[in-house]
Amino acid sequence: MEEETLAFLRECGLSIDKVNPRQYIAQIPEIPNLEVWFQRSADVVRKVRDGDIDLGVVGFDAVAEYRGPTDSVVIIHEALGYGYCRLAVAVPEMWVNVNSIADLADLAAGREADRPLRVVSKFQRQAAAFLDRCHVQPYHLLHADGALEAAPQMGTADIIVDLISSGVTLRENRLKEIAGGLLFDSQAVLIGNRTALTTRPDVLVVTREILERTEAHLRACEHYTIIANMRGDSPTQVAQKVFGQSELGGLQGPTISPVYLRETTDTSWYAITIVVRKDRLHQAVAQLRAIGGSGVLVLPTIYIFDEEPFRWHKLLTALGVGSKK
Amino acid sequence: MEEETLAFLRECGLSIDKVNPRQYIAQIPEIPNLEVWFQRSADVVRKVRDGDIDLGVVGFDAVAEYRGPTDSVVIIHEALGYGYCRLAVAVPEMWVNVNSIADLADLAAGREADRPLRVVSKFQRQAAAFLDRCHVQPYHLLHADGALEAAPQMGTADIIVDLISSGVTLRENRLKEIAGGLLFDSQAVLIGNRTALTTRPDVLVVTREILERTEAHLRACEHYTIIANMRGDSPTQVAQKVFGQSELGGLQGPTISPVYLRETTDTSWYAITIVVRKDRLHQAVAQLRAIGGSGVLVLPTIYIFDEEPFRWHKLLTALGVGSKK
Amino acid sequence: MEEETLAFLRECGLSIDKVNPRQYIAQIPEIPNLEVWFQRSADVVRKVRDGDIDLGVVGFDAVAEYRGPTDSVVIIHEALGYGYCRLAVAVPEMWVNVNSIADLADLAAGREADRPLRVVSKFQRQAAAFLDRCHVQPYHLLHADGALEAAPQMGTADIIVDLISSGVTLRENRLKEIAGGLLFDSQAVLIGNRTALTTRPDVLVVTREILERTEAHLRACEHYTIIANMRGDSPTQVAQKVFGQSELGGLQGPTISPVYLRETTDTSWYAITIVVRKDRLHQAVAQLRAIGGSGVLVLPTIYIFDEEPFRWHKLLTALGVGSKK
Amino acid sequence: MEEETLAFLRECGLSIDKVNPRQYIAQIPEIPNLEVWFQRSADVVRKVRDGDIDLGVVGFDAVAEYRGPTDSVVIIHEALGYGYCRLAVAVPEMWVNVNSIADLADLAAGREADRPLRVVSKFQRQAAAFLDRCHVQPYHLLHADGALEAAPQMGTADIIVDLISSGVTLRENRLKEIAGGLLFDSQAVLIGNRTALTTRPDVLVVTREILERTEAHLRACEHYTIIANMRGDSPTQVAQKVFGQSELGGLQGPTISPVYLRETTDTSWYAITIVVRKDRLHQAVAQLRAIGGSGVLVLPTIYIFDEEPFRWHKLLTALGVGSKK
Amino acid sequence: MEEETLAFLRECGLSIDKVNPRQYIAQIPEIPNLEVWFQRSADVVRKVRDGDIDLGVVGFDAVAEYRGPTDSVVIIHEALGYGYCRLAVAVPEMWVNVNSIADLADLAAGREADRPLRVVSKFQRQAAAFLDRCHVQPYHLLHADGALEAAPQMGTADIIVDLISSGVTLRENRLKEIAGGLLFDSQAVLIGNRTALTTRPDVLVVTREILERTEAHLRACEHYTIIANMRGDSPTQVAQKVFGQSELGGLQGPTISPVYLRETTDTSWYAITIVVRKDRLHQAVAQLRAIGGSGVLVLPTIYIFDEEPFRWHKLLTALGVGSKK
Amino acid sequence: MEEETLAFLRECGLSIDKVNPRQYIAQIPEIPNLEVWFQRSADVVRKVRDGDIDLGVVGFDAVAEYRGPTDSVVIIHEALGYGYCRLAVAVPEMWVNVNSIADLADLAAGREADRPLRVVSKFQRQAAAFLDRCHVQPYHLLHADGALEAAPQMGTADIIVDLISSGVTLRENRLKEIAGGLLFDSQAVLIGNRTALTTRPDVLVVTREILERTEAHLRACEHYTIIANMRGDSPTQVAQKVFGQSELGGLQGPTISPVYLRETTDTSWYAITIVVRKDRLHQAVAQLRAIGGSGVLVLPTIYIFDEEPFRWHKLLTALGVGSKK
């Protein structure tokens, strides 16, 4: 996930100067007094948990498995928008009668006591908790470091509990997911050490700046800035026309400026500036046309800062400290 | 052309989630109910022609060669702006007396009947039609699958009719183009199956959305949005100054907003927003300066939507159906 | 530096159509009558000096070493913002008592006459001039074409004078920099031939266009365009609030347009457009919030053209010609 | 297959000096007056057929499809030992009742006349001939240039007739082979033009040299030269022991030389040299030990020349000419 | 180590047909009924231990760490000649007073009880046992999955116990090895499951075949076959001259055959065939010359089979079974 | 040339353990007390000349240009068999009247004094000496670091004197070689410092070992060891048959051993071992067959050591020292 995280931070305006692929420590010029360490996922969580690192970016799956029983790992941003995968149960395609977790529980229950379901997983804690919760009993949990999707075909396990992204690897190993077999969806998250966040103000300051940039960037990723020309009697009337359309509400009201035409007799044109969701662009353009809009410019947007970072208050509450700037 | 087409669609806001290079079928999340197939050029045209595929993106050269005698392949967008090449005749550099298609016709006519001009081409239909049209007689048309530029040096053909992009390969094989030897210029085009377009409204809806995005993207590729500050007595006077300059016409009149200066006595500044062609940027900036402009911001633009997609009406006419939204 | 220069020119809107990596001559479609040659650094400087090339982009280090004693190489733009490195003295890490150029001079002076300090460098002229200037005497200057950082470990030289970028190679060869040992910092520069610039108006015209685009691009690289909504009694009052904040000064005063809200009773919202430095974004957003701003859009900017290219006047002065357009 | 063919020829002692990947003509220094052309498979067969090329190395599958009805393409060596694949029918995995070519014929026969089995293949001639021979009727034969394994999943064909090497691509596209569905096995073959071989002695000379080297190399690939020490009363007795073992027969009798030991009293040791098949090495060593052998050296062998190239006589017969050197 | 193992087996005449890099199961055509699994090192040892796999090729380091307390993992060949590395303690270069394991024990003993030496290692069992054995007390053992050489510089550990191959990574992280700090040297080994080896004869047969080929190949890697001409009165006298030289002893006595010269009067030449160690080649050639040898041919050797595989008896003894073929 | 030199030394049995591409110093395990340095060609020659290095492997072209006027650089082996190229004059293809060095001298002589022939070369010394020797006058010699083949097309030089390997680059730049324009052919050579060779016996010992291995390897590269069976009345008669054939002379007489056949009545077969040149293999096999040979085994050979390294005596003479072992 290192490549994706470097790209994400760069898009948030935080460039990391890592000149050497074997280098494990780097700087972010935009935020002084910050040292960036490159570690394997499990090590990131362990080190945030133990206080060796203050902040970490890692997949939620690693947080779930390695955060431990204490509350020392705080999730600051739970959805950074990349690194998507899911932890799920997969069984052999050939098991045509096992299509749900209930079917799996029946199958396990029906086996003789000395032949429990053999489950292989890198996520020992999550897998055990999930199987117990779903009453899949009895089972025998095996550990493997490598590509465990091949285990059922090799005959060393019956089913797997593993991370799945596209599902291609599953199909290549003749495995299938089952209904109710999802442990959780995962994506990249920002985590922090509770003690560092509550006792060291400089950590909190940096956290806030990262949170600001992250939220503003992710919001901008979902929106376009639109400038459209529109015929109207007055700014107020143009604004009313805009308010009549569901897709044009924007973050607040539209900005309206006069447009001047070569033919001076016709002055009733206005330029409106609004922000629309990217996935509603087609509908927004249609509605603009419907109320007399034309010449629609769509501009890219790098950040959209809102009043306060939404997750900032959530974080302060979670840390049990009052809001402060 | 696959890489370029994926890049083009991505820039049009249509991202294709193809996770595996050996995968032949993919989806575009922005347009549901659409399946994208990856096929060789000739197969794309054949399948659109036979109705196996509804829409296709392919080089015009393949359309010309494989569309067949019926009108079942409709060209929806004839200039997607990439995949540029040309189909042309090339003869050995050593033929110093053959510099035009007329010279070539003379040479062919002067050869003995049992030694006709040997022409090699992957474009059998186009080559034959062109040579007949230009009275290059007699000739013997040969077929080859591979790199046929080497055929004249190998002695297995006299001339070639082939796609040329940069001309480097021609020169490396000591070939040259001749005057009048151009069959046609080619670039990527969007094609559709006539029956699908006329009988299945959902195909027409998707076609329109793709056409909207394509036209708006290609228009944006050729323009910049400009914000400039300009001194003036009134918005009207500023507008008049702008209208006096040839490069600043924009798509419609300029948007004009007041600018406030620190020194309150000087309030006669306005910000104008216009759209200029990229290849006239230098001239536009010069004209802005000439009429008192300064502080010119040039912004990138992702889409410029006009009133209706220009090619939409053309397409409806071509299909023989009345305009409908 | 070829890759970086191609990228830089592309970002300045000057795309070079080099189809073949072994090709040494190319065109820039945006500027006709211009031929681009790809040459090694030393050759670029030599050819600009001798008038074989009119303009060149090259590292300052090569200019310093190869420009020669005449003033025929004119530096047109001295800071293109990439290709950063520095020419500096490096000594073995083991020389724990040598930490400054003065220490080095002492060490050299203390050696017997027949065992002068052996200095290896690709920059013969710069190294000699610097060592003389710093009274490091006596020394013996050696020439090497290859990776000379290894020379002290191999025992063929005592110290090196070489280009340093990240410092990783130095450390791997157990060398260190010393205080006062910096000859100069270097980055990519734009140079021209004095005779061509003073006698051939077309060269001056192209130079000005490149300078315009370069400055406008580099200025844009350092700024964001910001649109923010702000509550206020009147445009004038909003402008005053903006003027009260140190980070919001922008290039000139803010552009202010009314914003219309769904609730017609509340009309006291305005959209302000300003330009802020990228490295002050965080502070600017904070100040905007402090004076009632919200919904801050941050837009990318491609060029910011100022009244006249700053370096244009400098160049005309350096060439001894009056200003002309 | 270009890479493999270059490697094969190199192992046969025929190195091709192709310095440039885009180069289509090269030389073999070991055989003067020989020009090597690099062409696509279909073009190789076409050009040998038409006499543009005298000799060709190509997959048998291309020969079968493109050799045409005349006997102008002569197969000189039918098994060069690489480029293995097979041309076979593949049907969807889901067709659980179709497991043989007879099943397929039943299925085709049972379909309505207007819905014939749609078969897609690059091997139009072979596919049609095979389906007719196997009474699979009616069918509709489609042409495709690209990866046609996806056609059944796309719904544009029912079954495919295609080259299969490892079978991985088949499985990824959920296809399976069926009993009796093999058209032929294919590997690289050496072909020649009949007219060139019968009328131009120099072509025959080169053909013989290539055939010599090819056969001697392929024979060497399958054998090891073995030197073993063996106790015995006399060379004759040692030879008799060797003849008593099935794996030690070699090409002819063993070579036997005396071995001298440090202890002069014991002189009854002999070294035997034999040639054994690689795939019988284990058994041969066991038999050697059984008859008192030890210290078995296994040497690589580059060529094993037999009396005359086996295929040389076959070729002369096929060409209808008497044997000549 | 997968690449090296595939290469090693190929050189032993055991080629694995793994067509797909994502494939985990393959075959060795030379040994039927054998399935090859590709697994991470730790999984190989675990599965051999648990009987999921019968035989495994893996680094000795993994065997040491994961074989567990029982004797179910049997080492069949302890030195396959590749995958060399060593498990050792490394401390910061800056610890100028810590140069031996005794120094390290002193340093640990001298620290306060609440600040034990922090040791990070992937080899938890080996590290703990070694530190205890060397009386390095107290220490705190940390676990990490990733590149732990950076831990001391990051401040999360004091020293490391890790695999070292070239030592470059150590130096880059400013670490050094210390006297007495070596836990063990490691290379690739062949292991087997005791139960499978003692109860399933087919496993033993395959093991023997692999052992034969492995030993014969490794012995051949260290020797050349030499044929030299030598003047002498009789074969016996030539043999005596050979016996007089220390480097020419070979595996047994030399093979001696007569050499015939063009000048029939001089018949006193013999060719001797001997086997010499590669690293003594220079000396052997010098001794051959000293006793009248000339025209020394050095031939490569693929296998040298001795009477019985040396490790075969060792293995049978270790398994507690009598010798059998 | 680094890659080729490493491969060459490896084939000579001298493996260099260079683990890191940025590493400049390595060891050869087979020869202790030897340090291998990786340097640019010019630096290798300079350092051997100055005594910084004792021995060097480098292209002859660099030796010619950089060895200087003294005799301190001794060429120990002048033909290592790789790195082939030639230093030659090349002129524009368009100069149809310039086809020899005499034509070039005429052309230079015919130009006006102020427009001398502009020659660009990296080989300043060689180029000047050659042009003077060939009476090409007047000329102006230019220096360039980079790809100077483009200089004539750019107009900055008229002709070039440069290294040519395949000639492809020349043709791409529309240049041609001319008769008499060859300065010299070049390949890799082994050089040494005269003082080191004459005063330090250990250098001479290592030189001899390298020379032995190099000569023996290069001799082996050109020969095959052949074992053939041959019918004959006696070894002497077989030998006579062999001596009657021109290609079978070998290095000395053939080794002849009896072959034993299954049918004991027929004992008149012998195995002969000879060494033949690779490029005469075809003829040798034909001659063997002509005298009753069959079953010809061709074995690879790694080294062929002759009585003494041929160049060893040459070297001792060049150094002015008597022969010693």
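Just so it is clear, A, B, C, D, E and F label the chains in written order, and each chain counts residues from 1 on its own.
Just so we're on the same page, contacts are C-beta pairs under 8 Å (C-beta built on N, C-alpha and C of every residue); 3 or more make two chains touch, one makes a residue touch a chain.
The shown structure was predicted, so the numbers you read here are calculated from the model rather than taken from an experiment.
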Legend entry - Shared chain contacts [chain B and chain F, defined touch]: C, D
Legend entry - Centroid-based (C-alpha) most distant chain relative to chain A: F
Legend entry - Whole-Å separation of chain centres (CA-atom averages), chain B against chain C: 38
Legend entry - CA centroid of chain C to CA centroid of chain F, Å: 47
Inset, instruction - Could you list the positions in chain F whose residues touch two or more of the other chains? - result: 172, 257, 299-300
Inset, instruction - Name, in rising order, each residue of chain E that touches chain F in their complex. - result: 166, 168, 224, 227, 229, 257-262, 264, 269, 271, 278-279, 281-282, 285, 289, 294-300
Inset, instruction - Please name which positions on chain B make contact with chain A in the complex. - result: 13, 19-20, 30, 209, 212, 216, 220, 225, 235-236, 238-239, 242-243, 249, 251-257, 273, 275, 299-308
Legend entry - Contacting residues of chain E [partner chain A, same complex]: 22, 24-25, 37, 39-40, 42-43, 46-47, 52, 143-147, 150, 153-156, 169, 172
